[in-house]
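Going by the order they are written in, the chains are A, B, C and D; count residues from 1 in each one.
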Amino acid sequence: MTKLKMAMVGGGPGAFIGPVHRIAAELDGRIALAAGAFSSDAARSKEAGERYRIDAARAYSDLNALIAAETQRPDGVDFLAIVTPNHLHLPAARAALKAGLPVISDKPATATLNEALELRRIVRAAGKPYALTYTYSGYPLVREARARIAAGALGTVRKVVVEYPQGWLAAEATGKQAEWRVDPARSGLGGCIGDIGVHAFHLAEFVTGLTVTELLADLAAVVPGRLLDDDCTVLLRFDNGARGVLMASQISVGERNGLRLRVYGERGGIDWRQESPNSFVLHHGDGRTEIVKAGDATLGPDAQAASRTPGGHPEGYLEAFANLYADFAKLLRGEAAPLLPGIDDGVRSMAFIATAVEASRSGAGWTPLLIPGE
Amino acid sequence: MTKLKMAMVGGGPGAFIGPVHRIAAELDGRIALAAGAFSSDAARSKEAGERYRIDAARAYSDLNALIAAETQRPDGVDFLAIVTPNHLHLPAARAALKAGLPVISDKPATATLNEALELRRIVRAAGKPYALTYTYSGYPLVREARARIAAGALGTVRKVVVEYPQGWLAAEATGKQAEWRVDPARSGLGGCIGDIGVHAFHLAEFVTGLTVTELLADLAAVVPGRLLDDDCTVLLRFDNGARGVLMASQISVGERNGLRLRVYGERGGIDWRQESPNSFVLHHGDGRTEIVKAGDATLGPDAQAASRTPGGHPEGYLEAFANLYADFAKLLRGEAAPLLPGIDDGVRSMAFIATAVEASRSGAGWTPLLIPGE
Amino acid sequence: MTKLKMAMVGGGPGAFIGPVHRIAAELDGRIALAAGAFSSDAARSKEAGERYRIDAARAYSDLNALIAAETQRPDGVDFLAIVTPNHLHLPAARAALKAGLPVISDKPATATLNEALELRRIVRAAGKPYALTYTYSGYPLVREARARIAAGALGTVRKVVVEYPQGWLAAEATGKQAEWRVDPARSGLGGCIGDIGVHAFHLAEFVTGLTVTELLADLAAVVPGRLLDDDCTVLLRFDNGARGVLMASQISVGERNGLRLRVYGERGGIDWRQESPNSFVLHHGDGRTEIVKAGDATLGPDAQAASRTPGGHPEGYLEAFANLYADFAKLLRGEAAPLLPGIDDGVRSMAFIATAVEASRSGAGWTPLLIPGE
Amino acid sequence: MTKLKMAMVGGGPGAFIGPVHRIAAELDGRIALAAGAFSSDAARSKEAGERYRIDAARAYSDLNALIAAETQRPDGVDFLAIVTPNHLHLPAARAALKAGLPVISDKPATATLNEALELRRIVRAAGKPYALTYTYSGYPLVREARARIAAGALGTVRKVVVEYPQGWLAAEATGKQAEWRVDPARSGLGGCIGDIGVHAFHLAEFVTGLTVTELLADLAAVVPGRLLDDDCTVLLRFDNGARGVLMASQISVGERNGLRLRVYGERGGIDWRQESPNSFVLHHGDGRTEIVKAGDATLGPDAQAASRTPGGHPEGYLEAFANLYADFAKLLRGEAAPLLPGIDDGVRSMAFIATAVEASRSGAGWTPLLIPGE
């Protein structure tokens, strides 16, 4: 058994998410980073390659060059991981898929809905695996919550509250991470809604198994002079009639990464928090309150397969991320990975962002969330 | 120094809130329950009087009889506490005030906005103290939060999230407490919005010192067949431009009394939870996270005056309630009690309920919260 | 039904625990403070009487005078509450009981074990109710824990960890509350062990239903110059062979009143914390973790009888204290109150303090906890 | 830059800690597992090698064979990681060090104190790096706590409470992980004290910078028929006079991996919990309570260097473990790694276990913790 070989585009010096993808990909010992176009600046790409300890010859400054060279090598890479800013997601995915390379991409799928629709066509035409790293769907307890709801533990879902408060953009944005997020040219239409609101959207659909059919959006650019939203509230209707509230904010001073999901059904409730991800509260219909914890013998196969340590040994963000790569490795081996987000999640997400931005801008009230067909 | 003598209307056998008012009123040893019209059924009122251990002759079955008799006695009561269902608040308050008796009333002030406006006229004409027991404003840490925000600890307030989830009406309502709450004839226009949403509304305005100027309401009767709302989301705009989200629900299975308020300003945040009321999280603008606790030497005079035990000795709901009665006793002694809710809060609250119910019903989108003048 | 009339000895101006007893006694409307010897200084006793709003003629400066006068009055008091410093507990209890007045006393029973033995003789001879306010045994969830363990929820108890950290005496003691606690003349043999360690001891025996048979004590006066212990660790053996660790400290900077009890049995565990007293963690033998909360329908009759508000409405220290007075009122009415601590608990507690102090002083290692017989 | 190549002894099919070491070693991309003697059963070692995806020729069934072959290869391994049961630690370390291979070993260093002393001689003679994976010292917040205490944030340390409750051995031990832990032949003298008590001991010394000079131990085999201790309490004295309590238990039903350290000084306190490792409570001397969180700008260089993700993105056990390997990689590169436990910690730990076991067995009371010199 040899390892799958990964190429990365993006993730040069100073990047946050590139090293995260590298760690996540390699965590389970089944994938190895082997090549990269880490930066369009050759020196910087080379520097990154050294830090990643890959063969210097395989640190490219251009994705097309990478694809051309790697697809020729007998030991060429098996897939491409895309960790660039959002506006480069589509061209990178297109180039890889057209060359027959599977793709795993950081979210969102693309910078705009139209791009996402184009990418959907490309993915379908290519017939190669394409995955999106909606990280939070990789947490074992998130997968357990999904499994329990699917098994009817709550009865019919009636109410969903998903929130994602952060505070780091409460003041003027400074630093590489902040600056591109508040720049429409690099982030796309949405600021906060596209950066983190879309995580909340995906999580809510992922865990409940429902789909949002309508929304009412109230997005604001709170910090004076900001061009993109930094605080969002979106009311949701799901396909079964359930109601939802989605809150995302980057001006909530003191909040780090407070993603939290509460789902209430006819006869139970679930409450999960990203910052203490190894448990959730399970409200039983008879009034009992249970804390379901990672490692519990009662956990189902999805959560167990996504855990590496016994109960009480905390796993975190990197391990959740690694679970997505583990799923992706399954896809590459021809196995099923039904929990792994793909291009349809990407299109839904971009439609969510586009619809929310437009509905808020126009003050349209309740607006259908329409997913364009083929 | 003798004690102030209290009469109560409502609070007969089986009542929850009557005994709470009795305990709260008497907790600090300055007020004594002396009379009551606990029930319109004479035997039940007498039974209640015995349980309250008052003079049997002063357990009336009719408020007018109580007022007539007590205003004649040399040791007659000093004020009336109203703890009836909502639709009886106005007539009881009217009768007492017209007879010159100060009133402290359970919330909401009345069953409808028009009644509240009428009550405002009566209160102003009577020139007697009138107070509303918005209980949660009595918690020491709530008062501390208010004081800190007023002193500028957060800078300008930008975002308010107030939520009040309960789960006890997730199934068919049974029992005395549940039944009147889902009955429009006894509850008024609002269900959940009037029962608990209005607490959240008052708390948000109380702590921030801001006033809501516009709202967008989405109220639902989730349980099939229910006539009143049992799950509410209301988006808020405050007079300084701050944005807010108010969530109240009685179908959130497993939640007890989960009132929580988060306020974010330019350079800080505060997070208080009713179910652990003796502390709040204070997010500093420099990134430090502090837990401010009851009994801390750093607490200001409002919180200190509202505490009876040293740090680490939990106080709760009854003590918060007692702080409102302590304020009311001040009013009766001619002192100021600026934190005590009064008729203007009552009118604002009823306007909030009426506006939210109507805006939700009509799908009106953003709607001004107008407070009718004299 | 009239109220029981209470006299108080101690509790003058500046006292903490006197007002707590007054509130606790009166909370349920069945007891009224009617007289007191609040201070040996007549002016101060009179001042206290005014604050308590009792008849000025019934604020005495001498307990004997109080007893003489009150036992003559047709409306004389029904019992005496003792809230003096420890060294006055015995003479006050003796005087009251000899005059036929039932006694409820703040803990510890007396200043020394010999005094406690004398008091036991007096109580038995008098044949009148005598109760000790081990406050923490009044919490509803503590009573629930006791009931569940008695019913076998944990199987045989194997391990008990009880801790009581405070930090308020970490520096030089200043202020009325601190000064008497570090003064052997007023506190008796034990400092921290007698002030709070004994609470932990009582709680451990109360909840488990076991009795300590042996101990190994390590007491220290950590703050330089202090004469009494301020930090204690005591290893315990219980009569069923279970092992225990008791930690009490008043130099644990930042801790308020961190009493916590954990009990582990063959097939379950319970974890209760005084600072969030309205729930406990219940570890099931099959690995499930449950949070048992005040107001839950699964609570037994002891906990339900000790609760005044629905789930989610926090009760605290004063309500726990009031539950002891409610029990005491039952005793006075001739009913059973099996959970209420009495003189035997007082003797056990004093034996615990005396044995721990001596065993630590002498370095004796494991030492039997012997309770002198009649 | 190429990666350091790691060999592993132990970690065959079914092992828990072997894969943990593999992940931890490779997490930062600087080390790669290249060879192993995973099992003395050749087929099982081969199977493990396949799962680890190493070259089949480098999966040995004998450590000596591994050493012989790898030291001959031009691309031979750079160091050995020991993850066998305790009784094999010494022979494995001896063989590697004598062949010039640096060693990183799972704890404890050896099965007995005498073995540890022998290993100390070997390490010193070899002059090669030797490290012990006391995992919990790798957590960023643990390192921050150490740095703050060293910088005087608490003043002189007075009291240490370290506890490590688990519940998984409360019933008869079954399964590979449990069985060797309760078998004296494979675990050495200590059961719980050697398995987890020693982690608590190391953590207490690591964070406070103090050394234990005396102890009083009470170890018990609670589960009937068990030969080794499964529940331990050890009182500690530190070299500055501070007092400590160490509790470790494997029969505390419901506890997972509840390692917690509290340190109190003259003017502050710190409280860290392994199951929520990304923050600690900092009690300030002025009464303020702060929550120090991973990612905070106030963190010092040790904590920052040990973190891979921004605040709010939880890191866990594997990342803490990886920090030890990152330190070890520094040592191999000739850099300093002052926080990394080494043979002196190993000797201290074994002396702690031996002294505690013997002091408990003999009932000796306070016993010096003597560390034999050369």
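Some observations on this one:
The rule we apply is simple: contacts are C-beta pairs under 8 Å (C-beta built on N, C-alpha and C of every residue); 3 or more make two chains touch, one makes a residue touch a chain.
This one's a predicted model, so the numbers in the text were calculated from it and none came from an experiment.
Both copies, chain B and chain C, contribute mostly matching positions to the interface they share, with over half of the numbers common to the two. A centroid comparison over C-alpha atoms places B as the chain most distant from chain D.
Matching CA atoms, the turn from chain A to chain B amounts to 180°, rounded to the nearest 5. C-beta contact counts were set side by side for B-D and C-D; C-D has more. Distance between chain centres (mean CA atoms), chain C to chain D: 43 Å. The mean-CA centres of chain B and chain C are about 35 angstrom from one another, to the nearest whole unit.
Taking each chain's centre as the mean of its C-alpha atoms, chain B lies 55 Å from chain D. Residue numbers of chain B whose C-beta contacts span two or more other chains: 255, 281, 287, 289, 293. In the complex of the two chains, the chain C residues touching chain B come out as 1-3, 16, 19-20, 22-23, 26-30, 33, 50-53, 166, 255-258, 274-278, 293, 295, 308-319.
Taken in their complex, chain A has these residues touching chain B: 154, 158-159, 161, 163, 167, 170-171, 216, 218, 220, 222, 231, 233, 235, 243, 245, 247, 249, 251-255, 262, 264-269, 281, 283-285, 287, 289, 363, 365-366. Chain B meets chain D in the complex at residues 281, 286-293, 296-298.
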